[in-house]
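What follows is a single structure, and I will ask about it in a moment.
Labels run A, B and C following the written order; every chain starts at residue 1.
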Amino acid sequence: MPDSVADLGTAGTAHLTGHRLTRQDVVDLIRRRRPGWSLESPFYNDEDLYRLDVEAIFGRHWFFVGSEPEIPEPGDYVTVEVGRWSVIVLRDDDGGVRAFHNVCRHRGSRLLSDKGGTVGNLVCPYHHWTYDTTGRLLFAESTGEGFDPSCFSLKQVHLRSISGLLFICLAPDPPEDIAEMAATVEPYLAPHALRDTKVAHQIDITEQGNWKLVMENNRECYHCGGHPELGASLFPTIGYRPEDIGPSRRAAYERFLKIDAEMTEIWEREGLPYRQVDRLIDRPTGFLVERTPLDKAGESMTRDAKAACKRLLGDFAQPRLGRQGLHMQPNNWNHLLGDHVVTFSVLPLTPTTSRLRTTWLVHKDAVEGVDYDVENLVSVWRATNAQDAAFVAEAQIGAASPAYEPGPYSPTESWVENFVTWYLQRLSAHLGA
Amino acid sequence: MPDSVADLGTAGTAHLTGHRLTRQDVVDLIRRRRPGWSLESPFYNDEDLYRLDVEAIFGRHWFFVGSEPEIPEPGDYVTVEVGRWSVIVLRDDDGGVRAFHNVCRHRGSRLLSDKGGTVGNLVCPYHHWTYDTTGRLLFAESTGEGFDPSCFSLKQVHLRSISGLLFICLAPDPPEDIAEMAATVEPYLAPHALRDTKVAHQIDITEQGNWKLVMENNRECYHCGGHPELGASLFPTIGYRPEDIGPSRRAAYERFLKIDAEMTEIWEREGLPYRQVDRLIDRPTGFLVERTPLDKAGESMTRDAKAACKRLLGDFAQPRLGRQGLHMQPNNWNHLLGDHVVTFSVLPLTPTTSRLRTTWLVHKDAVEGVDYDVENLVSVWRATNAQDAAFVAEAQIGAASPAYEPGPYSPTESWVENFVTWYLQRLSAHLGA
Amino acid sequence: MPDSVADLGTAGTAHLTGHRLTRQDVVDLIRRRRPGWSLESPFYNDEDLYRLDVEAIFGRHWFFVGSEPEIPEPGDYVTVEVGRWSVIVLRDDDGGVRAFHNVCRHRGSRLLSDKGGTVGNLVCPYHHWTYDTTGRLLFAESTGEGFDPSCFSLKQVHLRSISGLLFICLAPDPPEDIAEMAATVEPYLAPHALRDTKVAHQIDITEQGNWKLVMENNRECYHCGGHPELGASLFPTIGYRPEDIGPSRRAAYERFLKIDAEMTEIWEREGLPYRQVDRLIDRPTGFLVERTPLDKAGESMTRDAKAACKRLLGDFAQPRLGRQGLHMQPNNWNHLLGDHVVTFSVLPLTPTTSRLRTTWLVHKDAVEGVDYDVENLVSVWRATNAQDAAFVAEAQIGAASPAYEPGPYSPTESWVENFVTWYLQRLSAHLGA
């Protein structure tokens, strides 16, 4: 370690005195982490650790970028900005889904700057180099002798569609266990026929917190007392062991036991898989899939727990099917309901800010104003996201204090522990530690 | 020193080429400082030096955070943000004054986000961990087996009230010379009965300059030609030796000599201590206390130098008592008058920005609109602060230039020299140099 | 190289993992640059390389800061902010042109904060130290014994006026080849009598790109398809070799050949030098001077290619004189026309932002509203600058991607290659490589 001003500080104030973390510093931070306790401050504040996260987690793993209904027709695209990467996800002329780096092979100009849209070919705005929807360079003027267009195709990015959910990997050698995830979760997702849906609404918000705080917030319901709207449908005991049910959740848990029994009969009758499969840790592509009951009307995640869309998904005959959940590491969770689907993606923007995108999908034949009302469809998660954003912002500020030290997770925060464990496993693997 | 791009620059351009300062670099900067001359550019611009200031000065010394009248009742609190620290200063249920780190012991969320307010208990907004006003953890749900609440009290911060002025120290071992400061200054402050006052007004402004430039600006009247409103009451020769009085201040100085003689008789008669005690350097807790005359009506620091509040402080029978001053290192100065008190605190925000908080206190029984008019009370210092902010902003920009080199202080800037000397002494002590 | 997190990344992602570049890293980047291909990402994004640019290019070379018509009278000044330097360029009381560092010798306050204006003496706003227009300290109050004002003159900056175009050099030992540039270009510029002009309009815009991307954008017309307004006068084949003319420019090129022959006769008759002199590389002060024809009316760079000002420059009898161009490294280009002059300066603000200043000059006796209309005068370049700013912003974002790799310049981008070659030559010289 160089003789730097930082050396004067203790490890705990490394971020305060501006010491640049070395590989060994990060390895030490990982090694001394106490299982069941929150991470040390640098994981949420340090600039080097942030860049390492972007490179090691988002640069090497599969992560969620959207769903096929966002790009239904040939030429439809969405752009994804993560770290300094910009990626185009588009539907090619043959109806396939592809991803490219959003960088012209001439002088590097970004090709597409909008959040999404439709193109014929991909034409660079700067000097009009033109690529087809497979990334092949079709046209470039005045390129001089010996120029071989075939050497200047757009750079492809690995992409995988799982029942219509789109995941990309920026690494040349993506983790292969995505195949096992696909095989495992598709039977759970298939009945919701996600490829036959359309985007009803989409909201992006910028959260004032490190991306991991946004994920940790999603992975526990210990804070669900702060979500009155969500409480109408989601049981606040999700992730709880019976022995950890506190007085404030006792009544809800009793209802849960009763309704869970009813719903299990329904799922069995409808042939819907429901048993929880937990693969959140010990693998590059972590996920958890399960079907759970919902409270009250039990149909959907709305203010009255009733379906928000008359036109149900797939071949569903009735809406009371509970919630088909898929939680994925590092950046995604999804709620598939009888009448609609909500997908969530978290992307890092800076060490202390993140983008949360929420997308609501309904059956492609559903008619707005007739079958569904957007306000009713989105109001619960729009409110819940705002509440979570406030929690995350305060957690970010507090965890930045030199006085902050890791605290013990509640047993009810076991999925947070799983997220943190997965994250440290992946960082260790990347560092070869 | 590593073989870095910075090596190409001279020491003077180290901040330009982005070299990270080492401990030795800072020691060298301190050693080569020429007494009586301004500091080199990195002290006002370098990010490492800024972080070192926060750690070595604000992290290890007593500094001013407010006064008891800002938190009169049990549960009343103010929050203090300095560097990455967030601190709660509150009145406990027994009427005592305490300070805690504003960080939940669970996952580090900030407990209180407002500038100030009133609470019963301290309830974390995230998972509702609940602490009493002594910082003890009263309640936390679903914490599992073997959880011992007594291990998770809020972390205390050292706090000291001197005649109602509140000072905290973030270090585990605060400088003990605060006791000598208290014993020395309390006889001067006591007659103004600060604990019997209330907040009449408070203004926070963000200055576009390093915190030391804001302090240096406060420590000289060589620039007082730029303060027409303040000039109605404050003699512009404060800090001047007779031989340094220039033509522009000659007349004011003659008036000062005459009025000082009159006031000395009054202070003697009223039994008010007035002799200057200068302990600005050679100690961790530097201060200067003195009572000085005011110009014209001589009563208060207003546009006509007359009292702004009919209800006088303490047991004062008449308002013409001059100015009871207390200047404190590193971040505070105060003017105690016959009718009101003005306190000032400077806190670093970034290397090139600082927060100045100005608070006006009047007798707790004074009635707004009857005994005092807020506009008349605050107008001089609101205008003076704005003028100083402009001076500081230009000093910041100029001192950032690679062409800037330290210049000689005027003999009239001896308190600036004292501030800079104290600062370098404290930095040296911290660096063990 | 230290054992840093950055070591985990490849050179291409050095900026991603926050590694601080060493001198050797920069030397390696320069050495491995492939001639005819664009620069690697760190040159456009890395903070150390940015600071090195400011120090090595703007700190050691002559660069353009404005023209004499911007400061016609004694006491007139403009300020120039580059990197952390602030410079005053002013007309002294004897009518000469001088440059000083905008830093008071007392405590470093900036003396002048406006973009430009008029002063009698230079009076520091802080403590009123007063300098005359030659930089001599005239007055400072209360400076104490042994203070020698002659030791505290403002620091001079080297300045050179070439036919009224002003260039400064911040280094103590400016490159001497400015003399050769002056001798070479003055015969081309003189007929336009720039010292007899006045400022008709000036616009500053902030571009969202590294200063080199702004310059590279100026050095090629391969993108001129994106400039419909400019296309009315400027042939889009500028910088093209006949064999590189593509179908989209064929017709324009045919017109160019015909008009170039006509104009050459006119230039010969009028005794106007026109042959291109290319000294863009292999020297500290790179430049290219030439006179070229304009399309259509051929008179000026307006929407109809007709003169925008009735009062012509110098002794010109008729306006159809084409475009007298001067392109200068590192930061300037100029178009001198029969009726007006447009000057451009690029100054770095941050690694990813730059300031472009465009100034329109007309004969000093021309009367607005009678001889010229400002809207008509400025509309082409105002629109063209906005189009270029959009190109630069996309190039900046794309070149920041870890997926970006240098691409091949078109043969039509030979001046871009010259700019990049000059830049790397100067960086190498600075690094002693």
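Throughout what follows, contacts are C-beta pairs under 8 Å (C-beta built on N, C-alpha and C of every residue); 3 or more make two chains touch, one makes a residue touch a chain.
Quick caveat: nothing in here was measured; it's all calculated off a predicted structure.
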Quiz prompt | Topology of the chain contact graph, where touching chains are joined (line, ring, star, complete, other) | solution = complete
Practice problem: Working from the CA atoms, figure out how many degrees subunit B turns to land on subunit C, in steps of 5. | Solution: 120
Quiz prompt | Copy pair subunit A, subunit C: interface residue numbering same or different (half cut) | solution = different
Quiz item: What is the distance in Å between the mean C-alpha positions of subunit A and subunit C?
Solution: 46
Quiz prompt | Set of subunit C residues in contact with two or more other chains | solution = 2, 20
Quiz item: For subunit A, which residues are in contact with subunit B within the complex?
Solution: 2-5, 7-9, 13, 15-18, 20, 38, 41, 45, 216, 222-223, 225-226, 240, 244-248, 390-391, 394-395, 397-404, 406-412
Quiz prompt | Complex interface listing, subunit C residues touching subunit B | solution = 2, 20-24, 26, 47-49, 51-52, 54-56, 59, 83-86, 101-111, 113, 125-128, 140-144, 147, 152, 155, 170, 430-431
